[in-house]
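Labels run A, B, C, D and E following the written order; every chain starts at residue 1.
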């Protein structure tokens, strides 16, 4: 066939690039690749970019934490992040896997873990938390994308139960720190133990004591808004959580419940931080929109239940882990019916 | 109302806080073995709940009337045999043997009954019934109940009537059901995950159970706090009800 | 019994088999409840292991002795009766002579009755083998079980309390005047620590045996 | 048919008889010792709970056992009241020492608890239990947090307020009940 | 052309999901349709429609004129094939279609005397298209003419049109939906037909409605083609409704078009017929008009040759059976940066290994992307972000389907309705982890049919 005569530039045969190039060295013919469609991809978002978004969104929290806890915050976060990176590399090496630090997921785990620890926790808490989180929370499941539980929360739960004295209520007292508000028990602990109700404004702005990243509701809202706008976090989860918490706490307010109103519940502790940054971890939350609503609502309700009735002043971590464990079932139960109904059985 | 509250508290405490699997470690063999699919896990959990309730009732009755020191039936028999005897008959050394046979018998009974009268139910969890005899959840529940069966001679710290024993057993089963269904959901999800080879199967199951146990610690103290919140205001009244003598 | 029927492993092989290749905890994943429940101290693990060994040995010997008389359909009944009796004896002996231990182990001693290790050995070995073989098998399995419990307890007690046999022997592994950088891992005493430790040890055991098999 | 049944089951019956005999022997041999162990568990604490007491005598009041602490000569030294209730994680069982008039708490001992290790289980520590000794038994105790308690106040274990409150609640209830039910004029 | 112009309707329905990739239609949207002179040889595949293949009715070395019948079949679901040019029939050959199917062909050596380009254009799209008198044509006549002309769906699926138009008493049709969405990026063939020849489109739509017994005629056009909407609106009378639908891929998919334009949902595994709708492509409509009024068979079609790798993107009226190489040559050849040639659009088209495949009745375009366009990030693990679930226009969970397909877990696949997937590729387009979702699903569907289907 005189193909070349007709289309001099088009490759004559299935095009091995080198062969075409040799045939016409002056003007190299284009090398055509063959692959199944679709042949274009959005490219607007990559896994790495999603992780970077989380880090960007955490900047307001970081700013508040550094303002409040000074070098302690920097130290704690640095320890956690370095610990998480080391753990990721270590477990990868154990399994003879290529380096996965570049996808930034371990850094995000470390960052969230660091933000969820108290500033006064000793150094080994961050390291052990990071190793337990990456190890038990991620590596044993096969690495990124396969874990059931949020690795940062697994790590935090591990150290919280392992070192109750370092993370317990009393440990928040850090008399060496400069800002007055942070030398007392956290607002939630103070309420649970002594019934003292904190003022709303400092709660909202974050001029209180607490874990490094959880104090400021405002900063969490700003970062969370960015995450939802970018689509990195599924907005339905925080929405469901906030709604559930507000409705339940509001109902209890109406029936003459406690002086800790729903506004207190919303802006205190790690609730907003958890709702926007932790519960929205895509890997460990449901895939379907309906599932995300259920997940969010369950998260909010459990936070309230644990705060109100359990022995722990704060319930974000437990709620996230509990909802993580239900997520596979939620996924299973909320498989949407395809448009037009399920495919008919083939006989 | 008070009674309902106490049922609620017992339910929360048994099913969530002191969950059979995550707190008492019992029922681990089926927990590992039958947690690969959600539907089979649910069948197993339902079967356990069913049997444990029946076995608990039987063992409470046996303990209260026959086995405990000074139990009425045994005492009556003793009086028949040796009128005027003042010895307190104590058959509690036979407890374990009696329980295990009560359980085996209950399983048989349930199996026959369900197969005959509820064939669909039998189809859904009948296959698990024979496995249950050696499920420690059941024996453990019987042993817990044993500690609380009111005894005439020595007062028991927290005497349970038959009703409480039944509620306890039912929610012990529910706790097991929750645990095994959660685990099955997770393990189905894990089926296509790249779990390290040495950890596949029991290893990863144990680690997940560990994380679940961590999560369930969040419920700790819920029953105490609820009890305080729901208790009627004047405390002496509650003291009276608690001091209610054994039936 | 004809020799051919007894052609299986020799008593020695059976004994050694129970220790590692057929270890009840790590290989057969049996008796998990006690492996988790009593292993926060070495004392608990040892006591439970010995109690199980006692029950296993006694019932294996007894079953092996009466094996010609066993009717197949009554076999499980006899096993259960035997095991339950010996468990009761073990329980009472503990309560009489090691009251503290008995209190600590609580319901987990009677739960030996439904420990799959024992009923499985009765079924697989004792009801088919001569007394000596059955006894060797029971010893191997019992020791293997004890070993399994004690490895778990070693990890948990050292991390959780900083001691090894702390109650009985008072050995401190982590010095009491430990540097400020150490604090006991409370999680190891609690249920999550038990599950996580066993999970990890299972992984380690599997990895080691896999490596050995590869080398062989 | 019946013969057949017996033929089948004779082994079980024989075994059952054998086992029954063995168990009876064990029970007869070890029973008293076990009972003594149980009793000692409680009684051995009595001297530490009530000053001057050497041993305790069990006494049933209102369906419950309490112990009358007596000194070497058998003279009354005070009371030991067992009590129990829900703690943070599980039931807490404890012993309360009272003076002769049941007007003052002389000591506290935790028999059994399952509180969070490292936090709640510190209620068993002697330093904390010592905060009860010398308190008046006439009015309920209250829990305070973050400062040393005065009269009628017990400082909570740091980070374990719920456990502390549980213990104090159990003590208050048991003491009040004992004061209501104890034999008038005794000891 | 019309006495009263119709208004533009807005759609009553909507579909969830979908994506909006960069359109890139600017490359060829202003290129008026040009006629490709018949190349030296044509190769007409005997199967270029859904259904039974045709059998040749001419012998090798036979001389044929333009429009002569070359092959036909007795089967109902089939469409005859006609000569797009005068020439001499050659010995039967074989060609590989872009979808990797091998088909027999009738090669045709093109003779020296051919219709002039202007004449062909006028015959295809020009002249007057009667507006009256449609009611006088018997519906059976129309179906017969359509069958005789070998018309198939020119949107891509190539389903014989007469089958759709034949009345079925069990499934009455009330709506003819002319699909002018052309949602694939780059492609502009349908757009050019709507702009340059609205009259035959509208006439064909009316004939189709007459044949199928439908009372309503809707022409749905995406709102990124205002000129097309305007041209159709100007040409249409009141009985033909022009509808402007949102621009979103895969709006052109039958399920989506019908749902948006009529608010009805086609059951999974079903046809538009099940909800009383017949969907035809705009060019098919024009072909129907030509077959009925001018008794001409389907021999040519408009093909967009476009993309960053093509020297001069064009819309070409090409004879069916010409090779892609002829199209490329007509457009000035490839640019050096060309990286991938695709039969059809970049979302659902098939990559070409070479340019030897013939243009068929269903070929809508040739897109040559640059290497830069097709460069993809390396695949990373799924982080279950749910993007694909949100993008799926059918409410499926593509990541689960891909997982099931990868591990051949047909239970999981069934639970997530693998077979309902229409392979539009939205999921793979949005996936941040660059997982070839739709590719895996496609493979899984085939394997599942093989392993479970029997």
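Please note the rule applied: a contact is a pair of C-beta atoms (placed from the backbone, for glycine too) under 8 Å apart; a residue touches a chain by one contact, two chains touch by 3 or more.
Model, not experiment: these values are computed from the prediction.
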**Prompt:** Going by the contact rule set out at the top, which chains touch both chain A and chain B?
**Reply:** C, D, E
**Message:** Report the chain ID whose CA centroid sits closest to the centroid of the full protein CA set.
**Reply:** A
**Request:** Return the chain whose centre of C-alpha atoms lies at maximal distance from the corresponding centre of chain D.
**Result:** E
**Prompt:** Among the chains, which one keeps its Cα centre farthest from the Cα centre of chain C?
**Reply:** E
**Fill in**
Per contact tally, chains sharing the most pairs are A-E
**Request:** Would you mind pulling out the distance in Å between where the CA atoms of chain C average out and where those of chain E do?
**Result:** 71
**Centre-to-centre distance between chain E and chain B (centres being mean Cα positions), rounded to whole Å** = 66
**Message:** Could you work out how far the Cα centre of chain B sits from that of chain C, in whole Å?
**Reply:** 24
**Item:** Residue numbers of chain E (touch at least two other chains)
**Value:** none
**Interface hub residues of chain A, defined as touching at least two other chains** = 136, 140, 143, 146, 157-158, 161, 163-165, 311, 332
**Item:** Multi-partner residues of chain B (at least 2 other chains)
**Value:** 93-94, 97, 196, 199, 203-204, 207, 210-211, 214, 217, 220-221, 224-225
**Complete:** Every chain pair meeting the touch definition is listed as A-B, A-C, A-D, A-E, B-C, B-D, B-E, C-D
**Item:** Contact footprint of chain C on chain A as seen in their complex
**Value:** 122-124, 136, 140, 157-158, 161-166
**Message:** Looking at the complex, which residues from chain E come into contact with chain B?
**Reply:** 403, 406-407, 409
**Asked** What part of chain C is in contact with chain A in the complex they form?
**Response** 180-183, 185-188, 190, 192-193, 196, 199, 203
**Request:** Enumerate the contact residues on chain B facing chain A in the complex.
**Result:** 38, 181-182, 185-186, 188-190, 193-196, 199, 203-204, 207-208, 210-212, 214-222, 224-226, 229
**Touching residues (chain side chain B, partner chain E) in the complex** = 191-192
